[in-house]
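Structures follow.
Shared chain: chain A. Partners: chain B in the first complex, chain C in the second.
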Partner chain A sequence: MMLLAYDIANTASCQVGEWRAQTPAPLWREASAWISSVAAQFSQIQKLQPNWDSYGAMPITRRAVDAMIELLGSVMNPNAPAPTLVPSARGHLQAEWHMKGIDLEVEAIDPTHIEVDYRGPGGPWSETLGVDLVRLVAAINKLSAP
Partner chain B sequence: MADDPTIPDGSRLLRRIPADANHIIWSPNANAYTLSSQAFRNLQKQPPAFSINIETILQESGLTPDSVIKDSARYGLIALPVSLVRQQQQAVERHPEPDDPSHGHVVGEKPKSVARVFIQAVTIANELQWVIPPPGWPWPPGGKVDK
Partner chain C sequence: MLTRDVADPWLRSVHCCQAGAGQGISAPAVRPSRDMKSSTHPRFQHPPVMEVALGVQFKPLASFGVPQIGRLWERFRERFPKVEHQPQLDHEIERRGAQLPQVSFRVLEPNRALLPRVWMINDSGTELLQVQQDRFVRNWRRYSDGTARYPEYLEHLRPSFVSELGEFVSFIESEGLGAVEFDQCDLSYVNHIEPNEVWSTTGDWWKVFPSIAPAIDKDSGGPLDYIGLRMRREMVDANGDFLGRLHIQLDSTLSAPRPEKPEPHPLFILQLIARGSPVGRGVEGVLSFLDLGHDAIVTTFANITSSAMHGAWGRTA
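Moving on to the complex of A and B:
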């Protein structure tokens, strides 16, 4: 599986993450649509200040961003639609899709604790995944179908 | 603490939804905006709970929901029926604060299934029902996030 790495320039004015493929492949250059969207969303999410929800929410940690990047790099394909990235009050991230008759939420609590909730063709399921992401890849593939 | 029976089933629990944190998201499935389940996740772990304002206490104090929106340029306000919250095995507790006397907690584990019930409770015919809408509402179809 491809893994994507990124560096986010740590300057006050830089708002966009730089994505760098660790294992280059022409196929992944075609994935620029969802990567661009996700990078832009990361940029916005990392602007969130403590208490962004007015109830004491934590800012999104670098570790949380890394976990989500690692996850997306493992399960997305070039045809996959971009997720909406949603911050959790506890400082981690959730990726969501609500399209093509599928509602999919993927909460990356840490790299080995991925909570998935799927509603759509094939029946609903909710599961906490670790290193085995086969079911999630299958769900993403359903979203990727034309 | 346990569920407070002096908070009537017919009351509502008010909760702020941030307008700029993707908790209000466009759903092509519904062709409408919906809420992320993260809008109803516990911040507190021991006991598991999230914050709300209890509408009956506001009313007793002669206050309106506007008094708990904090910043209308950043949040919208939704209302959950107390009866529905209790049906989801949640306890409703008063936790007044010096500057927030109607503050309370909804206590209980909140798996995605509970969050979905809460989202459905604030949605009628695919349209989110706001006590106080977020700034700029209604938002344009298709979402605010640049995809």
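Moving on to the complex of A and C:
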């Protein structure tokens, strides 16, 4: 698949800090809203130093970033709203949505260990997911509805 | 989507495409074989297999860099004396619920992109190992030797993979590079189906793939002159739990010139790739999935190809 890099800074060529975001060419314009937001948040998160919360928090690891990237790439659709990325003291990342009567919090421990807490229509439920993401995709699709 | 760990030059020129929790192991505890359904597998005397890749992915080994790759090569150099460098493959995980059209994107670190995937190749070019920070793959191929006989999964490919994966894991542990925690494995078969007494043009594909060729070929319009099909199906366990996927990809193309066939001729390339989570812990879990994948691939191959082609390939079971 051809990949097209785009730039958050000038929206044409695209690098965030030392990291570059890429997305399939046909989709990048549609997807740019949430990708741009997520990439900008990653840019800030990578600047966090150890003990960033003054309570001994661990730095956010490259592995945690990769896990969240892989997860979002698997479950997001072009119309999905951007999550708020929240660093955890354990060095992981949590993606959060609080809108449309839904509270969805997703923590990616690693690419095959994902902890989900959902409150909204059809819920609430909390579950640790591996590679079966059907419930999480359904939740994000609810958030994506116009 | 599919087989970026195979080395088929046609796939590049035509259409190069393409868990359960991590399974840690503390030692290369491998068993050479298991009582498989091999006796019930369809078998062929001259299958059109051009390449087979057995691969495993694991959590990235942050300290596995260029110097360590060099030291690893020393262990394999006698059997695999040639080396080539390739771009790293993405870490690919089969997930239920994730759809192909959905957006994918990733973040690259420039320094990380410089780390290579290394091919270690035997003298004849028929066997190779591929290693990178989060992947180990063993290939058999016969592009450079069209007469090479397919060595069979149970008799050669699987035992060789077990042995060399064990050596790789042993090296990682002895070097103190971390634990190899498997999270995904895959088995890829690339078949080159040459024209014969059964078929001669791309439009004859229904003679080769009667169960998937639509009726449109048979009696409407002009001849079909290009095929590019992508399909995938879930692999599940007895409880219906998701294990991974079987990818099926069919392309039509023209052959590359060879001394015995200097003129290009039509060619079907059929790829079957089983990818999914290890079924259990350690190397045994990887092998369990690969064996399931082999069952699915062989059965699917036999189901979607015609009995006339089976005859040409010398089906014996």
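Here is the rule we use: the second predicted complex is superposed on the first by the 120 of 146 C-alpha atoms of A that agree within 3 Å, B and C clash if a C-alpha of one lies under 4 Å from a C-alpha of the other, contacts with A are read in each partner's own complex, and residues count from 1 in each chain.
We adopt the following convention: a residue touches a chain if its C-beta (ideal position, glycine included) is under 8 Å from a C-beta of that chain, and two chains touch if they have at least 3 such contacts.
Here the structure is a predicted model, which means the values were calculated and not measured.
Visitor: Based on the superposition on chain A, does the combination of chain B and chain C result in a clash or a fit?
Guide: Partners fit side by side after overlay.
Visitor: Is A:56 contacted by the first partner chain B, the second partner chain C, both or neither?
Guide: A:56: touches chain B, not chain C.
Visitor: Return first, second, both or neither, reflecting whether A:95 touches chain B, chain C, both chains, or no partner chain.
Guide: In the superposition, A:95 touches no partner, neither chain B nor chain C.
Visitor: Going by the contact rule set out at the top, does A:69 touch chain B (first), chain C (second), both, or neither?
Guide: In the superposed model, A:69 contacts chain C only, not chain B.
Visitor: Taking the superposition as given, does A:143 touch the first partner, chain B, the second, chain C, both, or neither?
Guide: After superposition on chain A, A:143 lies in contact with neither partner.
Visitor: Determine, for the superposed model, which of the two partners chain B and chain C contacts more residues of chain A.
Guide: If we count touched residues of chain A for both partners, the winner is C.
Visitor: Now for A:108: first (chain B), second (chain C), both, or neither, which partner does it touch?
Guide: Neither partner.
Visitor: Could you tell me how near the closest CA atoms of chain B and chain C get once both structures are overlaid on the shared chain, in Å?
Guide: Shortest inter-chain C-alpha distance (chain B to chain C): 18 Å.
Visitor: Across the two complexes, what residues of chain A are contacted by chain B and by chain C?
Guide: Dual-contact residues (chain A): none.
Visitor: Inside the complex, what are the residues of chain C that reach chain A?
Guide: The touching residues are 1, 17-22, 59-60, 91, 93-99, 102-110, 183, 241-242, 244, 276-277.
Visitor: Help me check something: in the complex, which residues belonging to chain A touch chain B?
Guide: 37, 40-41, 44-45, 48, 52-57, 82, 84-90, 94, 96, 98-103, 105, 115, 117, 126
Visitor: Along chain A, where are the residues that touch chain C in the complex?
Guide: 1, 16, 18-24, 27, 30-31, 35, 39, 42, 62-63, 65-66, 69-70, 72-78, 110-113, 130-138
Visitor: Going by the contact rule set out above, which residues of chain B touch chain A in the complex?
Guide: Those residues of chain B that touch chain A are 16, 18, 20-23, 25-30, 34, 36-38, 41, 43, 50-51, 70-71, 74-75, 111-113, 143, 145-147.
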